[in-house]
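The following pair of complexes shares a single chain, chain A, combined with chain B in the former and chain C in the latter.
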Partner chain A sequence: MRRHLQSRELGGADPLDAQLGIPAQPLIVRLGLERFVPLLQRRAAFGLRPGIAPAIVLVPAGYLLGPNAANILSIDVLAHLQVGVSLALALLGIFVGRALTKEIRRFRLIIAGNVECALTMAVVAFALWFTITRSQVPVGVAPMLVALCLAVTAAASAAHGADPRHDERARAAARVADFDDLLLIVAGAILLVFIRGTYGPVSWVLYFAPLVIGGVVAIAGLLLFEHTALESERGLLALGAVAMLGGASAYLMTSSLAAGLVAGVLWTALPGRADEILARDAQNLQHPLVALLLLTAGAFFVPAAAALWLLAPYVLFRLVGKMIGAYAARPLLPSMRPGDLAGYLVPPGVIGVGFSLTFMLALPPETGQIIVSVTAAGTVLSEVIALLLFPAPPAEAEAA
Partner chain B sequence: MSDSSRSRPSRETRLLLIVITLSAAVLLALSQFRFPDAPRDAATAGATPLPLERLAARATYDELATIIAELGRRVTPGVMVIRVEQGGMQRFVPALRVRPDLLLAHVPPDSRVLAFAESPQPVEIAAYDERRELVLLRVAADATSVVNLRAAGAGTSAPRYVAAIEGTRGGAALRPMFLGRTDPVRDDRYEQGLLVLGGVLQASSGSLIFSLDGSFVGLCIIEEGFAAGVPGPALDAAVVRMLQVR
Partner chain C sequence: MRRIAALGLILALAWWVGGLDAPEGAPLRITGLALGITLIAAYLAGALLERFGLPKVTGYLLFGLVCGPYLLNIINRPMARELQLFNGLAVALIAFIAGLEINVARLRPRLAAITRLSGVILGTLYVALFAIFWIAWPWLPIAPDAPPAVRAALAFLLTAVVASFSPTVTIAVVAESRSAGIFTETSLAVVILADLVLILMFTAAMEAVRFVAGGTQEVGLLASASWEIVGSLAFGAIIGALFSMYLRAVGREVTLVLVGVCTLLSVAARALHFEPVLAALAAGLVVENVAPPHGDTLKQAVERGALPVLVIFFVAAGASLQIDALETIGIVALIIAALRGALAYAGAAMGSRLSGQTPPVSNMLWMALVSQAGVTLGLTLIAAQEFPEWGAPFQTLMVSLIAINQLVGPVLLRNALGRAGEIGRMDAPPADEGAAPQH
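Now for the complex of A and B:
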């Protein structure tokens, strides 16, 4: 029987998976429709159980519910959801930081992930900058800025794994996909300050704002969580910490992902149980927040000419970037064929969608619309392509 | 491993080179196409409002412009512009619909109302109050766009933004203004008194002042060198008197 495809990102994975156990078979499998499972089932991130919450379903659903179709997710509703988006990104950053700290000794995989990420960003940025300038696509701001924003959103991966505990290749690929998030979070945070600099002078202090926000909230959290006995009170404090990370970052227009990353690293690295407490208390929020990100991105999708014009090169050169990145990472992963690694890295990560929503708010409306539309549609197309390029299971590969 | 196999690129390398070559060719091919002209795209964008427009960070002046535009949509149906001749010069004055079939405007005695700026209908003067320099013009009835003068204003002296409606050749135009303060003063012509519009106010005589929430603040007149507003209840009382005298 074909194994269910799953995917995750940095922060999603093994430590919590071990606690949560092997997921039960979803209803769709029990109904005998397992051939559709790869299309529908994804684990978005953060050590969640795999569920029917993939971008391939939620992004189009968001569009259908959004202001351009049913208008259930109206502009006013979306305006209120921005708070949830900031919180979701902060939470995502915390789990990325937590997983990174736990696996910091895997130097080779960290370098492999960041090499792959850097090359993907470089390829996508160059290709889109070339397309925008040569075709004179009206993007509203400097073409390089748009190209870099889209490159950051394209670099995220959520690796598939038939079962990360048994398939060595999938496990290694999952780690590479996990660690590629690190560089793009840093790049995205710096890019946000650049964007802000396009409409006014920016203090250099802003580059360090995520560090300060994450550090302050982490220390406050450590002091509060450890001395709280009541579960309900602790849960409230955990939510407050996440709200503080998201709110402060949104106010300063810096990356809540990066602030969350810093807080997650500190909570895990410093003595105490803050990371475990937060992971346990925020567990119930993870799936809804990932779904929120995907639905919101879908709702903001507008099939404008400029977005559609950039969609094809975005998807194509994301794929090329992943292939080049996988090839460049080959010396660090000698047991893995670059083609297979690229196949595992094609599924897009939620972090890319999250960054597109952050960029959208920082850029002029017409530019933000292009960024979020290209990313949302590119995410869906990349998911479809990932299904076609998914490497064969080891047994089949050996037989071949 | 033989020298020949070592010198030959591996299958993965060949595959990568093919991918890079093909993608570069695709990129060059794509770059040959020019994005459709801006006007067509602008027309499309205009037909489909950008969902981000109300969410994205805006400059403060953009916000103010949006507020004024929305205010204009609400209050300008109750305003028509008349062309007035005074001392050989022509100017445009806004007239406020105070009754379904009556417009009120501030017109000095040495002036002559020539026509409506936006409408070909003839001018019919229903009443004129020389002391207060107010004229009532009869127009086709429209009960839906009558401005409520009886509602008392906010009565605040706090600094605030308001919008002045002025007459132009094309119709009514709104302009944001900052009121430093608003103080009531007694006036022989109006029992309800006037409002002294504090600060250097660049509103022309006869312009109509509305608060940003759409309520009528007053009719601007220049009184002994300073700008004053005739509040709505005072104007309404004047209208009643003009209709009785007639």
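Now for the complex of A and C:
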């Protein structure tokens, strides 16, 4: 479990780092600045230890590089980077599907994750709908649609502070964070088709498109992966499969995450080693794609009045939703205190950011910009809140 | 059978997706789909051709050509354009890999011989091609009635472009076949040296044409060429040195940083009017020679992961081949291609004799000198845009020539690498490589 928990979103070292041999001591220690180490939380994020969650660094970096600042990531460049976003989402979907299938018998944790996710979505959706209608924030489309989109992006959790080496509570929290993605991905996929439906009639087939795309690519992968001897060729096919999942979904504007989830479930559930092969080969892509996703979201951030107005309720009610969700899930997790679970679930990770970028393509430009801006800034703030309010276990616990 | 079934599924999915109502802006989101189809289908096409004894590279090229916009149009123009966007990154990575292959300490004893060899080959090509073009000018479809001075300048320009090689294709074939050895090293060195000379000769030829025909730009010959050559090498060396320092001091998120380095080498180099191939080559060379232990491990890891980049590069190259140009000017292009090949053979044979080369270099080096691709096309476009009065026929002739050499060159090189027994030797331990005969 530990291995695929680490590889699901951000944790775990980059494979190339492992081959080259990471220097024994972090640079900060070798520079004689070790007294600053305790100031950083010990969070197993993005292969940095000690370090901080990548969103805190990469989203602001994206903004600075983006069209509203240095314009290195210009609008034209960002349009071409969208392919990386859909690939990143498909890859994350595969890892979610893999983790889900491996742990499918842990019903209590699956239910806990989905209860927590549903409550967070409900709280955020209602709070933002209320804020938008009461304050008459100009969002360009129906307020409920914006509130639902932001609710989906807010419901994601990464729990990358929960290193499963710590204790049973950390392991359970990490699994809840994995499983809460299931409802979020399904809700997001339906919402995407629904958004398309607001502009005109859409074929009912689109609701099932992620299933078809994920299913066909999974079968093609099963036929190819295990019968290719060379590592380099397996890597190529893995990238091709991820590109087909992300590319076909992006073309139809359906959810890449959902298509990846279906493929991940099938590769893991069906006989063979396709899931292991893909996870190993695709891990080389994971960090660059996730970095690209966060940089892109940061670049699209626009500090417009509407986005800033919605930011505070987004962060606040996301926190409230996670707390309520954690309390509601308590009977299913007797070994865990609700405060601990909420603390683990506050870091939002990257799936919500990815969804915001997908919604942006489907919505009118001004609405899409609000969704991405609120989600990107909300993600950074939530990560900072998690660092400040819910510090990860101390070094001794990790060593133990 | 499994592979054919998988290919059928992938193509069926693409057909199904294409048949559904795509929302507005779908053409802009086609890149991922193009990438997916390209990687899987082209790989399978390459594997299929390999069964018939043809190199995989030919499969990738033919897949791009047959499925590209000029024939079946499965990879349509927007898809092909999107694939070209990856090419900048691909070219930088391919050249970076080539730089990682160049170990100065190992190459030093043979440097004088390689320089002599390159000098003879290029001298033969330039002198003979110029003479042929001068004599045959009235029958060539480029300004046949030009006065003698203009005719000489244009023949010089045509010579410079026709005599060019493709370092990118050479490096890509070497990387794809995982070749290493004396023939590989010599071929790479000659092609790279020729690229440096090409920049100088093209700049001189353009200056000459401007002088006699009156062009639109006024850029000093020396300044322009030295900025491109010295600037590219210096820029690449600085990036390589910084990357080596990063590997030693930090050593984390190397994949991410490597992607950033290749992007920088590609995008920034173009913005600064440097040659990305030279810059990336210099960066790889610095990493290999400044941080050897990291360089070797990095080289193996990058080479293992480079296959998708190479496939995209060759498919994009195949899809961009303007095969329709052959219809109008194919015979002339075919004659020039044959002459060029014969001169490369003669030059390599003479150069080998004068520089003491032995087989496989002496009898097969010419096969590494046939490919032409992006650099040649880029130079053609520069000339055609600056001199519109004869630019169109010049461009059509060169595009036809590139199409022929692009199709034939990689096959010849792969064949030569196979006959030299160097395919797959990149994976052999360094000691094995060191045991290769020195010439």
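Just so it is clear, the second predicted complex is superposed on the first by the 333 of 400 C-alpha atoms of A that agree within 3 Å, B and C clash if a C-alpha of one lies under 4 Å from a C-alpha of the other, contacts with A are read in each partner's own complex, and residues count from 1 in each chain.
Assume a contact is a pair of C-beta atoms (placed from the backbone, for glycine too) under 8 Å apart; a residue touches a chain by one contact, two chains touch by 3 or more.
All of these numbers come straight from a predicted model, not from anything done at the bench.
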item: Partner chain(s) touched by A:Q82 [first = chain B, second = chain C, both, neither]; value: both
item: Contact breadth on chain A, by residue count: chain C or chain B; value: C
item: Which superposed partner A:G247 touches (first chain B, second chain C, both, neither); value: second
item: Which superposed partner A:I324 touches (first chain B, second chain C, both, neither); value: first
item: First (chain B), second (chain C), both or neither touched by A:A362; value: both
item: Which superposed partner A:S135 touches (first chain B, second chain C, both, neither); value: first
item: Touching partner for A:G197 - first (chain B), second (chain C), both, neither; value: neither
item: Touching partner for A:L236 - first (chain B), second (chain C), both, neither; value: second
item: Shared chain A contacts, counted only where both chain B and chain C touch the same residue; value: 79, 82, 253, 361-362
item: Parts of chain C lying in touch with chain A, wherever the complex brings them together; value: 2-3, 5-6, 9-10, 12-14, 16-18, 20-23, 25-26, 28-40, 43, 82, 85, 247-256, 258-259, 294, 297-298, 300-301, 303-308, 311
item: Residues of chain A that touch chain B when the two form their complex; value: 66-68, 75, 78-79, 82, 127, 130-131, 134-138, 253, 299-300, 302, 304-306, 309, 312-313, 316-317, 320, 323-324, 327, 330, 337-339, 360-366, 368-369, 372
item: Chain C-touching residues of chain A, taken from the complex the two chains share; value: 13-17, 19-23, 27, 30, 46-48, 79-80, 82-83, 86-87, 196, 199, 202-203, 205-206, 209, 212-213, 216-217, 219-221, 223-224, 227, 231-233, 235-237, 239-248, 250-253, 284, 287-288, 291, 361-362
item: Residues of chain B defined as touching chain A within the complex; value: 12-13, 15-16, 19-20, 23, 26-27, 30-31, 33-36, 38, 41, 44-45, 48, 50-57
